[in-house]
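First, the structure itself, so that you have it in front of you.
As written, the chains take the letters A, B, C, D, E, F, G and H, and residue 1 is the first residue of each chain.
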Amino acid sequence: MYRLFILAKCDLGYAEEVGEKVSELEDVSEVYSVTGEYDLLIKVNFDDLQSISDFVQDRLHRVPHLKETQTMMSFRVYGEDIGDFVN
Amino acid sequence: MYRLFILAKCDLGYAEEVGEKVSELEDVSEVYSVTGEYDLLIKVNFDDLQSISDFVQDRLHRVPHLKETQTMMSFRVYGEDIGDFVN
Amino acid sequence: MYRLFILAKCDLGYAEEVGEKVSELEDVSEVYSVTGEYDLLIKVNFDDLQSISDFVQDRLHRVPHLKETQTMMSFRVYGEDIGDFVN
Amino acid sequence: MYRLFILAKCDLGYAEEVGEKVSELEDVSEVYSVTGEYDLLIKVNFDDLQSISDFVQDRLHRVPHLKETQTMMSFRVYGEDIGDFVN
Amino acid sequence: MYRLFILAKCDLGYAEEVGEKVSELEDVSEVYSVTGEYDLLIKVNFDDLQSISDFVQDRLHRVPHLKETQTMMSFRVYGEDIGDFVN
Amino acid sequence: MYRLFILAKCDLGYAEEVGEKVSELEDVSEVYSVTGEYDLLIKVNFDDLQSISDFVQDRLHRVPHLKETQTMMSFRVYGEDIGDFVN
Amino acid sequence: MYRLFILAKCDLGYAEEVGEKVSELEDVSEVYSVTGEYDLLIKVNFDDLQSISDFVQDRLHRVPHLKETQTMMSFRVYGEDIGDFVN
Amino acid sequence: MYRLFILAKCDLGYAEEVGEKVSELEDVSEVYSVTGEYDLLIKVNFDDLQSISDFVQDRLHRVPHLKETQTMMSFRVYGEDIGDFVN
C-alpha cells in the first residue's frame, strides 16, 4: 500500500468546509486541522501508484476553496505496522 | 485527545535509525518516511496538553541524529472519527 | 492561559486596515506591523483550547483583505511571567 | 520605542535552557515556546535603533545552543497601545 | 549552452493542461509532474543568455493557469556530459 | 541613512511593467530582475525611519500587478561605504 | 520508469566535489549546479519503486559533504517523451 | 555586466566578521546586514559569466563562518542605469 500525505491551504474561512469535503473523497483515510502555515493534513492510501496523480489532479484539486497543496509520498512505515488500523 | 504531527529532518544517512527509535517512544502512534524537505512524518497522541512540550523537549529531541523538527498541533478531525484505530 | 501567535499576510495596500480591524477582535491582545515575508504579528489569549480554532476560522479568517496566516501555539513562557501585563 | 521580534531555533534538547537564558538578557521583554518550525518567539524593546544590531550580534547570538534566528522589526502597533504593559 | 530549471505551481486542477502547453514552447526540453510544493519541473536550454528573461517573461508567464514560478540557472554539468541527449 | 531591501513577486507576465513603475517611485534607488522565487530586488533609501512603513503601505503596495513582498531592513554597511554612489 | 529529482545543499566549498561524486552513483542520470537556495539538482531513474528509498538512504546520503536534500517524485512526463535520452 | 545577489547566513556571532571579510573579496561591490532569515545581502558584479560559479565555490564559500547562501542572478536593471555608480 502506498500513502500520500498532503498539507493543504484553503481560501480563508473555508478550512472547515474543505476539510469535510475532502474527508468524503474515496481513498482519503484521515483529515486533520493543523496549526502552522497549512490548514489541513490529509492522508490518502493507494494500492496502485498510477492512481496517485489522478487523485490529486482529478479529485482533490477540484474541491472548491482548496487553495494550495504540498504533497509527500511515503514508502516506509517505521515501528510495528498494525495494518489497516493505522493505514 | 490531542494530536501533534511532527515533520523531522535527520542527520544524513540516519533516517531509518531515527525512524525506528522514534516509533518506540511512548505516545508515538505512527512514523512514516516521506519525500520532500523532511525525512519523517510522526504522529503523537496526548490526553493532556501539558505533556506535549515535555514530549518534544525531553523525549523526542533527545533521539540521536534527529536534526530539526517542525511541529503542528491538531484540534479537529474531519469526517468520521473511527477512534483509536485512526489515532 | 493559552497563547496563539499569528503571522499574517494582507492583500497589498490593506495591512493598515486589516491591522486595525484585527486589533478590535475579542481575545486579540496585540497587533504589530512587521518586516519580512508577513505584514502583521498578532497575539491572542485564550482560557480555553476549544475556542482557538473557532477564533481562527470564524473570526480572524473573516476579516476582509486578510490573505494568508501562519499560526503558532505557545505552551510556555520563559523568565518571570508578570501575568496579564505580558499576556 | 522600537520592537524587534525574533523567531529562534535551538540545538535539539536545549530550547528550555536557551529560553531561560534569553529571558534574562537586558531589553528582552517576553520569550515564548512556539509550535512550528521555530522553538522560541522573543520580543525585544529598544529606545534606540543603533543598539538593535548590537543586541543581535553581541548578546543574543552568543547564547549557547541558539542555532538560527529570523528577525522582524516592528514600526507600528495597531489598536490601543497600552504602553509598557503590552511591551 | 545555458540551462534554466523552473519549478511551477499551477491553478488547482490545471497542472496537466499547463504541463502540456509548456512542453510545446520552443526551447523547453523536458516537463515533469513532481510531488511537493510545486506541480511541475521544467527544463529549458538556451544558447544565448539574453533570451532567458525574455523566455520567462514573454512566453512562459503567459501560459494560462500558471500561478507561480521559481527559477534556477545552471552553469555546470557534473559527470560525463553526453551532449544534446541529456541537454 | 536607512536602507530597505524588498524582494517582490509580480502577477505573471507583469514583472517588467512593475519593475519600471517601481523604479520611478521616489526614494527607490535600484530595481533588478532576479532568478529564484521572487521577480524583483528593490533597494530604497530613507533618511527617516517613520517614512519606511508609509513607503511600503502607501506607495509600493499600490503599484498595480505587484503580488507579494518580503522586506529586509539594513542597519549596517560592511567594507568601505562609498556614499551616495553605492546607496 | 520512475524519476526522482533531488535538490541538494552541500557543505560550503564542497559542491563541486559532491557533484562529481553523485554523478558517479548508479541510477543517477544528470547532476547540475544551480543558483538559489540549493547547490545541485540531481535526476535519478528507477525501474522499481522499492529501490528509491534505498538509494536515498544507503547511497546518496552517504556521499561526504552532502548537507541536506529535498526529494521530488515524478509520475508523469509532459510532451513527447524521447526515451532514454531525456531520462 | 552581470550581477549576482547573495543572501547569506553566518555562524551565530560571526555576521560582522564575515561581512567585513566578504566586503574585501574581489568583484564584491556591496555588503549589507539585513533583518529576516539571512544575515547579509551581498552584491557581486561580473563581466564574464564563467567566473560566477568560480566566485561562489572558490572564494565566497571559503570565507570562515559563512554557513549558508542563497544566490540570485540578475539579468536586467529597471529605471535609469547610472552605470558603475549603482553597481
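Basically, contacts are C-beta pairs under 8 Å (C-beta built on N, C-alpha and C of every residue); 3 or more make two chains touch, one makes a residue touch a chain.
All values derive from a computational prediction rather than experimental measurement.
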Option in B-C, A-G or G-H whose residue-number contact pairs overlap D-H by over half: G-H
Contact-richer chain pair [B-C vs E-G]: E-G
Intercentroid distance (Cα basis), chain H paired with chain F, Å: 17
Inter-chain centre distance, chain E versus chain H - centres from mean C-alpha coordinates, in Å: 26
Of all residues in chain D, the ones touching two or more other chains: 16, 33, 35-37, 53, 70, 72-73, 75-76
Pairwise chain contacts under the document criterion: A-B, A-C, A-D, A-E, A-G, B-C, B-D, B-E, B-G, C-D, C-F, C-H, D-F, D-H, E-F, E-G, E-H, F-G, F-H, G-H
Chain H-touching residues of chain C, taken from the complex the two chains share: 35-37
Chain F residues within the chain H interface of the complex: 3, 5, 16, 19-20, 22-24, 28-36, 38, 40-41, 70, 72-80, 85-86
Complex contacts: residues of chain C adjacent to chain A: 53, 57, 61-62, 66-73
Contacting residues of chain G [partner chain A, same complex]: 49-50, 52-53, 73, 75-76
Residues of chain A defined as touching chain C within the complex: 9, 12-13, 15-16, 33, 35-37
